[in-house]
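The structure under discussion is supplied below as structure tokens; questions concerning it will follow.
Chains here go by letter, A, B, C and D, matching the order in which they are written, and residues are numbered from 1 within each.
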Amino acid sequence: MYKVDLNADLGESFGAYTIGMDRDVLKYITSANVACGFHAGDPLVMEKTVALAKELDTRVGAHPGFPDLMGFGRRNMTISPEEAKAYVKYQVGALLAFTAAAGVRMQHVKLHGAFYNMSAKDERMAAAICEGIRETDDSLIVLGLAGSAHISAAKEAGLRVASEVFADRAYRTDGSLVPRKLPGAMIHDRNEAIERTIRMVKEGCVTTIDGVDMPIKADSICVHGDNPDAIGFVKEIRERLTAEGVTVTCIEDVLS
Amino acid sequence: MYKVDLNADLGESFGAYTIGMDRDVLKYITSANVACGFHAGDPLVMEKTVALAKELDTRVGAHPGFPDLMGFGRRNMTISPEEAKAYVKYQVGALLAFTAAAGVRMQHVKLHGAFYNMSAKDERMAAAICEGIRETDDSLIVLGLAGSAHISAAKEAGLRVASEVFADRAYRTDGSLVPRKLPGAMIHDRNEAIERTIRMVKEGCVTTIDGVDMPIKADSICVHGDNPDAIGFVKEIRERLTAEGVTVTCIEDVLS
Amino acid sequence: MYKVDLNADLGESFGAYTIGMDRDVLKYITSANVACGFHAGDPLVMEKTVALAKELDTRVGAHPGFPDLMGFGRRNMTISPEEAKAYVKYQVGALLAFTAAAGVRMQHVKLHGAFYNMSAKDERMAAAICEGIRETDDSLIVLGLAGSAHISAAKEAGLRVASEVFADRAYRTDGSLVPRKLPGAMIHDRNEAIERTIRMVKEGCVTTIDGVDMPIKADSICVHGDNPDAIGFVKEIRERLTAEGVTVTCIEDVLS
Amino acid sequence: MYKVDLNADLGESFGAYTIGMDRDVLKYITSANVACGFHAGDPLVMEKTVALAKELDTRVGAHPGFPDLMGFGRRNMTISPEEAKAYVKYQVGALLAFTAAAGVRMQHVKLHGAFYNMSAKDERMAAAICEGIRETDDSLIVLGLAGSAHISAAKEAGLRVASEVFADRAYRTDGSLVPRKLPGAMIHDRNEAIERTIRMVKEGCVTTIDGVDMPIKADSICVHGDNPDAIGFVKEIRERLTAEGVTVTCIEDVLS
């Protein structure tokens, strides 16, 4: 009855540089966000990542970022809505070549880093980006911050949407995440993080940093796969969710 | 009865940098090779170039190059066949997003510069690249140097092929172009270049630098649009071909 | 008695891409800001630009920008002060190799585009950047927006400073430029622009957009060399300044 | 009486990507080749690497490579001698800013990867590159393959030279390294590698793959620091050299 997706960023290696324990985390997640060469990833890495996801039967999504490899797409850039739209189309299209070649269907699009945060707040930007996704392939599901401008814009564009929640982050009452630099932003206690997540999934509710209960939609949980600790957490949250009667399955199944 | 395509490289601008008189040359050519962001072009330029080609009713193809913006893709790079294949898929996929969004069908793929020359000679490379094109979209036509390894590999991959000839370049008896730095490489006389081209199209024959008549297949003629002189040449060759009873039409029509 | 420098951005070409009428504008300006490969320019262009400036006896300065070739360094990027400092050192050092090789002494450093604007307002950023310049070569003059945080930081770092004014831009009472998108931001009338500039140089005063007279220091005037019109303006402003008894000379002479 | 330098490539991390156990290997080597941002490294990494080398009292050299981050500078690129010269000046200059800022003197220049191999064989290229180094700073020592065109060109340019040998690579009778893909190219036995190296240093002689004794100059030994095994090897070779009465010291001391 309860269903949720576990998504993680993958394919972030570049040339001789390796990041991420992709094969390990792929065992536990149900949707992989694959970097598309702007903030991370390169064509060879994209090809291999799609092949790996296919082998381990995990759904693939595009993970477009800012054109800032040196900053790993984590730095704000004041690009125009037209640029944002074109950057998304370019990156989604590039990954579509690899999914088509591998005979898998791309499931979703999730923005990366500073691009994600920008489109969560900026309505004009979100509208342009979601229009770009729709123009490229209107069967794609838009994965974005629960309650954000990005989700609204995706609905407006007539696309299917999936709301993402964060296990280890504190929320403000407006639905936004408490910025990392502020006190209390991170939920360091693993058990607390998991309990919060289970409540988001089963009750559709989370307690904000101000102590208020806030409704929240949790179609997918953001997890990480870049170190053994993170992998351990993904394994544990998956087991706990299952034990709580929550089916961990891909975004498409969660939405259906 | 006689048919030939005129193709030119377009969309080579990048950010604040402008190259090419795209709108002018688009009036006379029938197929546009659009740069895909590796050796030239950027997402915004690609979007605008596809829109312009659509407006002027010219067919669009992908023009993948080496990842060498500083060298405009004209310098050899010893990449592996696996890298070559992945680079082509990435770039073709990226442009496919823009053609899909614009509601036009991509017609062909032509490699750029040093990548083009490499795949004309190197069978392993050509096989990997054509396999990459086929995996991405097997309806694409491969445009390559007449008589080259690239054309053979494309046929081998089961793809439709179009043979390209050069109006202003001398040929060697093995079908390769005389390298630009050698004497006699360029046909500087405009009239001679046009006469040679007409003969290639109508008689399927060209006189090599050694004075030997060589059979050659001419489905498409490579022209340029980066300066007023080049535009004038395209206009003239198109008029002369038409006057000679040759129908100037897109690659797809030439092959049908 | 009155002295002022004319500075323009040069060496902005990249690979096969050409921007700017460098040779033409070099005849009229007294200081050249040479792009360093991040937002524009490449090693070959830098070498040629330094050689050209030497030939035409114009002083050379480094013109560091954001690492954003696609955006020509005009888009804000939220880099850290540490990154800003390191980016400036890298770019200034790279150009120093070419000035050393050419046997000319680098005169100044002027930031480019969004980097310039950021450091004009952000004190922490300005302090880090000027510290980076000082560490690299403390004989360099810092050229920045008159009255800005960048100028203050340069003084604080013990560096010589030169205050830059804009002939064709409206000022606000706090000394900042009226953003381009606001009405009245640009002084379109050439004569008015020149009159304003002469007043800034001779009287140290400018009328703000609010109609208030504001004191301003004018060591150098920013001009452009990217089109024939701009070149014409530089020629004219130089003639008018000279006719008004103002000596047009390099920054070093203006400060001495 | 016997002296030799141990050099390793450092500062190859980039943005969020980490490569190399720099702090560990710095304990055992006497000269560090610091990547300059073309094939690896970024401004922040360069600054930190210079600081680390200073802290551990290891000499610093520039390590310029091809502009090919995706290929880590390991792929051949057919750049012109003019481009090669400008690329070296740019990169050496960029690192000079960081050494100047840190108050350390740059000791040497060693080319990276495919750039190194190209300049070892191609006399015109080697001449252009060494001229570029000389123009930038004629006090720099050129570190290159023993017996190569690069070493000859550096001498010709009037620069000090240091000849580099490889502990774990087989040599051909012309002094070149046996290419990695050929059988017998690598000396896998650690003890044999160390014995060979000691002989190169003390006797100035090495047995080629054809079994011939060949004279060789060994001023510096190339070692690696990218994995624990490599670090172990550096530690061991240093101990063995010391036990054999060879002083392990920086290039400058070896040459003096």
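The criterion applied here is as follows: a residue touches a chain if its C-beta (ideal position, glycine included) is under 8 Å from a C-beta of that chain, and two chains touch if they have at least 3 such contacts.
Everything numeric here is computed off the predicted structure, so don't read it as measured data.
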item: Smallest number of contact steps required from chain B to reach chain D; value: 1
item: Euclidean distance of C-alpha centroids - chain A vs chain B, Å; value: 39
item: Rounded Å distance between chain A and chain C, as computed from the means of their C-alpha atoms; value: 43
item: Per-residue overlap in chain B, given as positions that touch at least 2 other chains; value: 42, 70-71
item: Contact graph of the chains (line, ring, star, complete, other); value: complete
item: Of all residues in chain B, those that touch chain C in their complex; value: 14-19, 40, 42, 69-72, 74
item: List of chain C residues in touch with chain A within their complex; value: 67-68, 70-71, 75-79, 83, 114
item: Of all residues in chain A, those that touch chain B in their complex; value: 37, 42-44, 46-47, 82-83, 86-87, 89-98, 100-101, 132, 135-137
